[in-house]
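What follows is a pair of complexes built around chain A, which joins chain B in one and chain C in the other.
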Partner chain A sequence: MSQIFSLDFWSLVGAVSGIYAIFSLGLQLQFGVTGLLNFGHVASMAIGAYTMAILVVKEHLPLWSASLVAIAAGMLFGAALSLPTLRLRTDYFAITTIAISETVRYFALNEQALTGGALGTSNLEGPTKVTEYNADWVSFQASVQRWLHDIVGRYSESDFAMLVIVWVIVLLCLLVLSPMVRSPWGRVLRAIREDEDAASALGKRVAWYKLQSLAIGAGFGAIAGLLYAFEFQFFSPDDFDPLTTFYAWLIVLIAGTARIWAVPVGALIFGLIFSGTRFFNFKPFTYLDAAQLAYLRMIIIGAILIALMAWRPQGIFGKREEMVLE
Partner chain B sequence: MTELLQLMVNGLVEGSVYALGAAGISLVFGPLRIVNFAQGDYLTFGAFAAVLANLAWRLDMVLSTVFAMLATAVLAVALEFVLWRPMRKRGAKTMSLFITSIGLAFILRASILFVAGSNEREYRVNVFQYYAIGGVRVSEPQLISIAVALSAIVATAVLLARTSFGRAVRAIADSAELASVAGVDVDRMVVSIWILVGVLAGLCGMLAGLIQSSFDANLGFNLLLPLFAAVIVGGVGSPYGALLGGLALGQVEEVSTWSGFFGGVNPIWKPAIAFMVLIVVLLWRPQGLLGRARTL
Partner chain C sequence: MTALLEVRDVVKHYGGIAAVSGASLDVEERSITGLIGPNGAGKTTLFNIISGFRRAEHGTVRFGGERIERHSADRVARSGLVRTFQQTKALTRMTVLDNMMLAAPRQPGEDLLRLALSPRRVRRREREVEALARELLAAVRLGGHADDYAGTLSGGQRKLLEFARALMTEPRMVMLDEPMAGVNPTLGLELLDRVQELRASNGTTFLLIEHDLEVVMAVSDLIHVMSNGAVIASGPPSEVRSNPDVIDAYLGKHGESPAQPSGVPE
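Here is the complex of A and B:
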């Protein structure tokens, strides 16, 4: 029961929610604003995290420049994603993107020499040498923690520092994305969502705008991948299975179509649902073991998806007129 | 040459299971307009129903399979009444139904895991019984799988092409409204379609488990993407296309590892091959092999 009052625990939940908020912002741009059903969003996260880790461990790049390259790689992947897929109808597009994201995961799983394979990043330089990529990040986090200490005193734990860093980045992402979506550029994306033919009849190059939307959305995915890698200090291909994409879908569907500022709220609701099952420590849940609680969590998430579709397909904060799901 | 023949036989084993599963997905999509992401978990349900009958109740494989088909059909019909019909009445369209099916997939898979656990399962069959035909080795489960799957495929094709049921299915796939005007009881037909889909899914799930020798609750989900690839490759909305797509995909996956084919693709890449085929086909012929070009 003590966990309910633990600052460390809630810092972790908050930080992970923030990472999912950034991840979902990318999907909100692609799906909510542009109407692209990207079911392979997790691939951008994987590419961000792996690019950074590989460059730091194998090429000895400084963490910060490796991270910038990783974001660029994520965006490039998003742009490349558009080439084979943009001519497809929405449902084919969805299936093809999930297939591509699974291909990325297979690649990470099987190209052991490059990615460390199933053993993840600790195996980046072979089984004999345990590797880490986050030394620079740990010292940065520690300095943030010292700085916070002057403000909040003893509450400034390392997890709390991470929480603050993540949510500052969430805020920055919102401040970048929100004006973009309201700009003329964002209106073109909405026009494409509503009626592609009309947009192209107005002389807008639909494919080019879709490419930009996919690339920028994937950039957010890559940033989320970096933070994920820093938060957990280790990752493996299994972290990037299709389930992660569907978590982002759940967040975006809770938030509502094209609602940028509602995404962090959706992510926090998701974080509460996800961590909430941990506190099912009263009867009858005491009869269940940890694995069964995890399955129960999946059942709850599935039920919420269905309930949203049945009663509020526009999401909690969405407007019915902007509903994309037909 | 023997190597190539062996691979083609393996491909036939895989492909006939793909074809059966893909036909199910196509049958749901055509008349019902549901991209059913939970279809993989219908297969898992079938495989586990067969496990229950075969291991817990000690029934033989034939009876276990019949039980799996019936149980999955009951599941499919029950879900029509508690989920799909109410969603349709609420006016849910393709994309809402797609996401609903994702939620359903979570619920089904987690429920199976909840009840049955995450252990690997295997049926009580002799996997070591081999037949050698001119250097090509086929195990007994593989041989049974090919025979059963191909008969089910032919039966399904005949059912769709030659009976009034098949005509009604095709009519609803073209336009549910027009079919209803022409006197087809659409609600009743939808239930019949789910029975067929459930029976096929139960059979396909059992066979998928049989040819893998051991499997867990992710069996169906792991099959889902290759099955969708087969449906799209064959042409969405064409059950015959799905059958062809499944058989073709099985061949491509296996034959790509042939050493005569540029030294052969490393077998660990087999799952990715299906997606590569999918992307190439979509670029070259977006409507699929047997699909009609759409004006949508």
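Here is the complex of A and C:
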């Protein structure tokens, strides 16, 4: 029960929520704004995290340049994802994306020499040598922590520093994405969401805009993947299963589609639900063991999604009248 | 003088059935040209081929002298040949004004690089475009709906929006697919006045599919009649009206009534 009052614990919840917020902003652009049903968003996260870790460990690149390459790799992957959109629309595209993201995960699982396989990043240089990619990040985080110490004093724990870093990045992402979506560029994306034939009949290069939307969305996914890797200092292919994609979907649906500033709020609500179940240490939940509690969490999240669809399909910040338009 | 739009021997099958079988027609610059024919004659398919939404298996389409039959729909639109749809495509979860502003060409803000580098030019163009959009909306009596979602408009209002939206692209030629279907008759006639006005003031060319034959006859300089995927007659309204092939096409070969095609029910 003491966790409930632990700054470290809530810093962790807040930081992870922030990472999910960035991840979901990518999906918000792709789905909420452009109407692309991307069920494989997690792949961009995996590509971002793995590209960085491999470049740092195997090519000895500095963390920052490896991270930039990782974001570029994520965006390139997103751009490639636009190829199937040329021929496949809506649900067919969705099926393809989930297959692609699983392909990425299975590749990471089986291409041991490159990724460390199922053992994850600690196995990047083989089982005899435990490897880490985040030495530079740890020292950066420590310097942020020292700097914060001058401002907030003793509250400046390591997790708190991560929380601040993540949410500064969330804010930067919002400040970049929000004006983009409100611009004439964003207007073209929304037109594609509504009716891509109408957009092409008005002279818009639909395929090119879909490519941009997918690439930029995947760029956000890659940034989230980097922060995820830094936060947990280790990851394996299992971190990038399809469930992660659907957490982002849940966040976007909670927030309301196409509402950029609502995404972090959706992510915080998601984070609270997700971590809140661990405080179910009173009857009748005490009859459940830890694994069962974890499943209970899934059930609760599923129930919330159903309730949301039934009573507030537009999400918390969405507009109801938009849902009834045909 | 060569025509602005030249369609030659276009063929298109859907699953073994010939929707268009060797259709040819010309549309002169600055003309208002009607395209009529019974349901299933292939008019909309021909529109889809000309506008780049479908590929013909055979035949050529020239616009302003340039071959366009293999161009994508967006490229055809950018070259100044813009169409509307029989089933309107209002962008429902966008405002009426956004629908209009989207259509305007030369908005640097549609390019991310230029959006970031020259925000002032983007804003200036937005102001120009908005003024033009509001003016055109007022002309089709949608001025009061500028800030409503397009999805709240009625079927007839959507037709008018789509017409006005097509004009926002600064087209050289507009192809209208049943622009008056579902539009109240008074507004429909205003729409046609607008078509004639634009031809006079901007030299815009119009190709018009319309089932109300009285209207087409009244407004068109020249009429092409399609039947079974081919153009079976072309000429001024008065000529087409009395052409026995046209009467046959509408009534069937053994139509008993010698009535004018304009009297034929839909």
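Quick note on the criterion: the second predicted complex is superposed on the first by the 318 of 326 C-alpha atoms of A that agree within 3 Å, B and C clash if a C-alpha of one lies under 4 Å from a C-alpha of the other, contacts with A are read in each partner's own complex, and residues count from 1 in each chain.
The rule is short, and it goes like this: contacts are C-beta pairs under 8 Å (C-beta built on N, C-alpha and C of every residue); 3 or more make two chains touch, one makes a residue touch a chain.
None of the values given here were measured: they were computed from a predicted structure.
S.K.: First (chain B), second (chain C), both or neither: which does A:E102 touch?
M.R.: In the superposition, A:E102 contacts chain B only.
S.K.: Kindly classify A:E321 by the partners it touches after superposition: chain B alone (first), chain C alone (second), both, or neither?
M.R.: second
S.K.: In the superposed arrangement, does A:T90 touch chain B (first), chain C (second), both or neither?
M.R.: First partner only, chain B.
S.K.: One more residue to check, A:A201. First (chain B), second (chain C), both or neither?
M.R.: In the superposition, A:A201 contacts chain C only.
S.K.: Applying the touch criterion given at the start, work out whether A:Q212 contacts chain B, chain C, both or neither, answering first, second, both or neither.
M.R.: Once the two structures are laid over each other on A, A:Q212 reaches chain C alone.
S.K.: Which one hits more chain A residues, chain B or chain C?
M.R.: Result: the larger residue contact count on chain A belongs to B.
S.K.: Once chain A of both complexes is superposed, is A:R187 in touch with chain B (first), chain C (second), both, or neither?
M.R.: second
S.K.: Thinking of the overlay built on chain A, is A:I301 touched by chain B (first), by chain C (second), by both, or by neither?
M.R.: A:I301 sits against chain B, while chain C stays out of touch.
S.K.: What residues on chain A does chain C touch that chain B touches too?
M.R.: Correct list for chain A: 325-326.
S.K.: For chain A, which residues are in contact with chain B within the complex?
M.R.: 37, 84-85, 87-92, 94-96, 98-100, 102-103, 106-107, 110, 246, 249, 253, 291-292, 295-299, 301-306, 308-310, 313, 324-326
S.K.: Show which residues of chain B lie in contact with chain A when the two form their complex.
M.R.: Chain B residues touching chain A: 35, 83, 86-87, 90, 92-100, 102-107, 109-111, 113-114, 117-118, 225, 228-229, 232, 236, 266, 268-269, 271-272, 274-276, 278-279, 282-283, 286, 294, 296.
S.K.: Which part of chain C faces chain A closely enough to touch in the complex?
M.R.: So the residues of chain C touching chain A come out as 51-53, 72-75, 77-78, 82-85, 89-94, 98, 101-103, 105, 107, 109-112, 115, 122, 126, 149-152, 165-166, 168-169.
S.K.: Which chain A residues qualify as touching chain C in the complex?
M.R.: Contact set of chain A toward chain C: 180, 183-185, 187-188, 190-191, 193-195, 197-206, 212, 321-322, 325-326.
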